[in-house]
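Paired with subunit B in one complex and with subunit C in the other, subunit A is shared by the two complexes that follow.
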Partner chain A sequence: MKRLHLMAGTALVASLSAGVATAESLTIGLASEPTAVDPHYHDVAPNNALTRHIFSALGALDANQNVVPALAKSWTNEDDKTWVFNLRDDVTFSDGSKFDADDVIFTFCRQVNNESAVGATGKEVANMAAVEAVDPYTLKITTKEVEPLLPELLAQIMVLSEGITEHGDISFDLENQCGVTGAWPSVEDFNNGSAAIGTGPFVLKDFTKGSKISLARNENYFGTKPEWDEVTFVPVPSAGPRLAGLLSGDYDMIENPAARDIVQIEKNDGLEYTSASSNRVIFLQMDVGRDETPFVETEDGSNPLQDVRVRKAISMAIDRQAIVDRIMDGFAEPAYQFIPDGMFGAIENPAELEYNPEKAKELLAEAGYPDGFKLTFHATNDRYINDSQVAQAIAQFLTRVGIQTDLDAMTRSIFFSRRSGREFSFSMGGWGSSEGGAASFLRQYVTTGNPDLGIGGSNYGGWSDPAFDKVIIEAIQTIDEAKRTELLQQAEQMAVDEMGFIPIHFESSIWAFRKGLNYEGRKDQYTLADEITSDAAN
Partner chain B sequence: MTDTSQQLTGQQALGQQGVGEPVPQRRAPIGDTPQRRAMLKRLKRRPSVKGSLIALFLIVVIGLTLPFFAPQNPYDLTSFSVMDNRLAPGSESFEGTRFLLGTDQQGRDMLSAIFYGLRVSLLVGLVSTGLALVIGVCVGLVAAVMGGRIEAMLMRLVDFILGFPTILVALVMLAMIGRGVDKVILAIVVVQWANYARIMRSAALSERRREYVEAAFNLGYGKPRVMFRHIMPNSLNAVLVVATVQIASAITLEATLSFLGVGVPVTQPSLGLLVASGFDYLMSGDYWISLYPGIALLVLIFSLNLVGDRLRTALDPKRS
Partner chain C sequence: MLTFVTQRLLQSVAVLFAVSIAVFLAVYAVGNPVDLLISPEATQAERAEMIARLGLDRPVWAQYLTFLGNALQGDLGTSFVHGQPALSLILSRIPATFELVVSALLLASIIGIPIGLWVGLNDGSLGARAVMTGSILGYSIPSFWKGMVLILVCAVWLNWLPASGRGDTVTVLGVPFSFLTVDGLRHMAMPVINLAIPNIALMIRLTAAGASESARMDYVKFARAKGVRDTRIVRRHILRNILIPIVTVLGVEFGSLIAFSTITETVFAWPGMGKLLITSIYQLDRPVVVAYVMLVTFIFVTVNLLVDFAYAALDPRVKLSERMS
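This part shows the complex of A and B:
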């Protein structure tokens, strides 16, 4: 019986691999649709994932978010503010033109001459004092402030071809349009393909909004060429139809099937899935900056969230493992810090944040709230995976230790605008640290707000710890990696100890695909077709 | 023998509860007319209506005596645990509680959640219809009796409100004012009162030309008195029939809004919200989270509609 099973299995694999060998095209069901082919249009994950197929940058972020060489072979610091990038001399654009340092300078200029973009672009360029092409394949960048993360930041700026508009001699002269005489390309020029000329593993064939995106292999790609002649992305926002499309064979791979539907994939002999922990942390943000806070009710009108014992009690009241097991169906990891282990600046083997409701009650009593208090908890219901369910479970845990919690879960657009207006006392957010590891969350959320330094922009709870600020500001201006790691770990530990923010879990991303394909998965949740391989080709 | 007779009286009792049918032996209450009596007779003859009345009666009883029936208080976050989530109907929890209809993704007992959900539905249906009725009747009457500029203004306002799709207006309102049963009721009143105003006005307009109204005016009664004491009682029939059907549509509207995620708070689920949260799990085979609240909603709305529909037929002047 067992042997029969095995034989059937082999036959199935054989027939499937035969199928792969003949048709070298790939159709992928996307969970969320990219809005443009223009890599500088809107900095959101679906757009970034698409444009990385067509364009390349000086560096690239690997699956674990470490920066690796791409268009630049190597880079060095001459001093804290001067960087030299050695570019590859064997790269051509998809229209056949040669890539050199002028294309990079043109790209920087387009970042600041980018009227069709959503949100501001070019904050990295704003920090550049000078950019100079020493020779066609050597680029020297001088920054205004020390920026140790420059290679990481530049790995996110996809390089365009200077040939997409008319120009004279290109130089980093922002006031005089850098030598460009024609019109700066707009998002439409990219979407219709005329400006979508890059050095990525694929070239754009067709971009039809709401329907599909077709790519073909770039035969001149300088890196490892992808296995696929053609790749088609089909956006299918609802999880149900996306899974149905995979089950019926319409798609070879889908992004993020609902974790609860994994059982369907496991039952199916022709399908497999892979999951990767992402760098997105789900956390609680508390209003600690105000002595009276609108959504907390206590007898004396005080703000209990200002007391570290109360914050610790809240953390202890929450059973992170139960949330991961019961709500996330195991596709998440309990978070004991703000970035996952292994990322730059993460604490190695952080101490577990224990679940201990009894001790939580003791701590509350010690802090002067033996009968707890009343709290309204705000969360999204359509932004993060199972967000309103997670929030309900947290409300359940808090109520059980005496903090009577009302949950108000709302749609993301309302939530985000109210949160930035500092309307909430206690809310649940999420943050994916893309570049710079630990620094990303800490400088954005935990640091005291300081617009001049561009830090603390999301510190909606008014958290302010001068000792912490000192460490983090030193960390983000330290070039030496070993020293920066140490400082970041120290800052991360301080943030966890003071519990100004309470980490809950890290989301995992799931990719489901037909047997015979392999995909490792990525921390940034991108689906990159050139990283998908098939058994047949190996 | 005894059993049957008891059952019969029981059913009669149900009929009386449901529509307030006068007991034959007693003197007819004020306002009772031969037409009305004939109507009730016609109503009672239909077995489907009888069934609906029984269902409605049971739902009302459950709604009123909730804590006694429901094994758990699904609005009390400490009474259930996420460790019991998504258990199939009939399973037992760690502590040995049995969940007859299973649990939802927070570990709530579905049976209790449905009972509480029915109560919310009824409350929303009755209160919002009642309030909308009062506002609509007053506006309609004033418009009909005052006439002129006031009428034009009021009726254009009514046209304006009726011109928008109901759900859209309610969605926008709730997005602005937030969640909660009281807010849902407010939203439903805002979108529904105009219906009553329009019907009341047309009924009152035709009554206004009757001689008894003229007589009342000639006797020197003021407009308010003529409006509420003379015209209103005579033009209320049509509005009341619409109201019975509108209770069902108010309940549907609440369920729809909750399904779309703007109605009641997630920690106090109504039937619509229960269906919505179970909807995500249909592909995984956890059908009970959506199915049973759906059935409960269906029975409630179907019964209300059936009774309302029969009431309309029975009250149709062309048939009497």
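This part shows the complex of A and C:
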């Protein structure tokens, strides 16, 4: 728990230096539109970013994705499966009602009674054997399976007010609706504002789909109150109009201007930008599970991607730095592992994956493919930043060492369903690691598929390494943080050594804004208005 | 009259039915929305649950029959992405598109028809030739480019107008409108001009061609010989005769602008139907795409029907019964 105290200290310093609030409003141009105000509706970045303004959770994730206290002051493990969360006793909801443990239990119950959600919710709650309010501000959670990431997971479950529906005594009794007698709130109740009662830094004023989202400062907020009286989010999905809106002064800040337009912002005296490396890695996934693979042509019909030397040759053929400099305009970082430095479980100072086309040719010859082979490479052209150009560059790098590569880039709606149908031999994907750092990518992609444990769900290439599986499965069941870090680093290294997946780069997110504003940027790419400050107020 | 209406209505139902099959199959073929919707971190069990909940585990014909059954009861499905009935989602976007299109077509008629008349009656003069050449430009410049240039000039350089969005609205009878507030009008100006420009050019060319042709007709010459005043000749004899193609084109343009002002709406981030369609296609939000196409087909069928009636009102020679043969 040492990490926790340190974080709390940092938060305190930040709150002292944030300055006094002034009567200001802020208009922000969003790159993609949130679909709902309901925090349990759809687990996607635009929705999560919006709901963090209105609601808060037991913990919060800081800019580096580490969990810090929020509604819970602290937490401890009594044993591997028992957790005690000490809640704050000074929190009120935006409607004035008091926050206590019953609201948290109500929230857990709503997770499993959520008819209108997109995607299944409540997997965290399904793992809870018992939840007990020891007193109004102490919550004891017993899990069925060991879950070291419980604080991280709970930091993403936004707490609702039990007052939004009729209820008797609230208890964690899933069979009997937890004591709720009224109707469970639906996504509509949140969008029209009636159920959008939270403990976040802002309150919802208006949510008009397609047009704008208006927020006002929550005067009851328990944390550092934001500088802004009012915040308006305007969704402008096309990059050109979004930048035009910033240039003409309609918006104070915009998300993700196109990297090629940064020159325009630099030339403009009234504007600034900030960029932060994100947790999204772009990587290559290969079909290694099948002896014959549909999009590779070799003389003997074998699947060269099954040979580690071929996979290493592919990695060596790619000049990551050139891709970052020339295609990403510097707004990316070469990736030598699957999560960026600084995140939980990342290898510190990983060895550079060298660019060496000569050695790549030698490795290919050694593996029995002196004349290379033919490959069709599948990628998206509208999902990741500059994805089709990056894929073209990779195809050319591979062709240069003798692997004749044809690129087939397509729209994401087609790409993702074909990929999950295991149609591809060689494809480019992206992954933003959320809670749990290194475990996120490794357990989802690199682990042998295992529906019972809920791991390996995105292992479309059929990668399977029993030695690796043993390490990662132990890691995700280890509570001790030092031990878990060590295991995750070991697993990460094994994944990089075997090259079952080839990391290319980490995307950076960019925010552009008028001079006088400050925003540090976040690894999760969220734009959080309460973290935006102005020079005037300092 | 009654037979005509009945027959046209039956035709319309057949069209709607055919379109529903075509669009359902097309959308089905594009891809599986679950891969876009569900968090990639979801486990296989959660995925399966989601697929079952959306009914995507059933064969395509079963899905279609369910859709058809619900559609006959007025339910066009629930959006996968928004969790809201698809039809109400689209209808909530209609006012924004509607006010844009009506304003653009009004502007096009008010500017285009008088200029076109003048050009047609002054055929061959330098001014007329200049207008006709200019109209080619207005008609052929792509809409997205024009939009970007408008934004660059009016918003970024001159700072006269807001670059995008809808601005303040006033709710009248439960429907939000922009044209009733100053801020709303400022937001509307550029998208309306952008939509109107090609239509102004179209109106000019259409009116000019018609006017210059009918100005040479015998009945015009005869009226003139009879001593009828010029203004009356233009109003009574020329304009009335050339209005039929103009109304037809206006009708078709109205339908297609309502349905497909997508580019203008995207460039100006105008929250209309076109923008909803594009987003829904990208997200494979099948119910919305299907409902959208059905609704648009419905609008087209209705507009065509109304245009047919307008013919009858404008041109006494058109008899509804004749058009049946």
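Convention: the second predicted complex is superposed on the first by the 515 of 538 C-alpha atoms of A that agree within 3 Å, B and C clash if a C-alpha of one lies under 4 Å from a C-alpha of the other, contacts with A are read in each partner's own complex, and residues count from 1 in each chain.
Keep this in mind: contacts are C-beta pairs under 8 Å (C-beta built on N, C-alpha and C of every residue); 3 or more make two chains touch, one makes a residue touch a chain.
Since the model is a prediction, treat every value here as computed from it, not as a measurement.
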| request: With everything superposed onto subunit A, say whether subunit B and subunit C fit together or clash. | output: fit
| Who does A:Ser458 touch here: subunit B (first), subunit C (second), both, or neither? | second
| message | Between subunit B and subunit C, whom does A:Ser194 touch in the aligned arrangement: first, second, both, or neither? | response | neither
| field | Which of subunit B and subunit C A:Val263 touches, first, second, both or neither | value | first
| query | Between subunit B (first) and subunit C (second), which does A:Gln396 come into contact with in this model arrangement: first, second, both, or neither? | reply | first
| request: For A:Arg326, select first, second, both or neither according to whether it touches subunit B, subunit C, the two together, or no partner. | output: first
| subunit C versus subunit B, contacts on subunit A by residue | C
| message | Quick check for you: in the superposed arrangement, does A:Asn381 touch first (subunit B), second (subunit C), both or neither? | response | first
| task | Go through the superposed model and pick first if A:Ser440 touches only subunit B, second if only subunit C, both, or neither. | result | second
| query | Just subunit B (first), just subunit C (second), both, or neither: which does A:Leu407 touch? | reply | first
| task | With both complexes overlaid on chain A, what's the closest CA-to-CA approach of subunit B to subunit C, in Å? | result | 6
| request: Could you list which residues of subunit A make contact with subunit B in one structure and with subunit C in the other? | output: 240, 382, 411, 414
| message | For the complex, give me every residue of subunit A touching subunit B. | response | 239-240, 243, 258, 260-261, 263-264, 322-323, 326-327, 381-382, 388-389, 391-393, 395-396, 399-400, 405-411, 414
| Which part of subunit B faces subunit A closely enough to touch in the complex? | 77-78, 80-83, 85, 105-107, 175, 178-179, 261, 265-267, 277, 280-286
| query | Can you list the residues on subunit C that touch subunit A in the complex? | reply | 30-47, 49-50, 80-84, 89, 92-93, 96, 148, 151-152, 155-156, 159, 162-166, 176, 266-269, 271-272, 275-276, 279, 281-284
| message | Taking the touch rule as given, give the residues of subunit A at its contact with subunit C in the complex, in rising order. | response | 33, 35-36, 41-44, 116-120, 123, 186-188, 208-212, 234-238, 240-242, 244-245, 247-250, 382, 411-414, 416-420, 431, 434, 440, 444, 449, 451, 454-455, 457-458
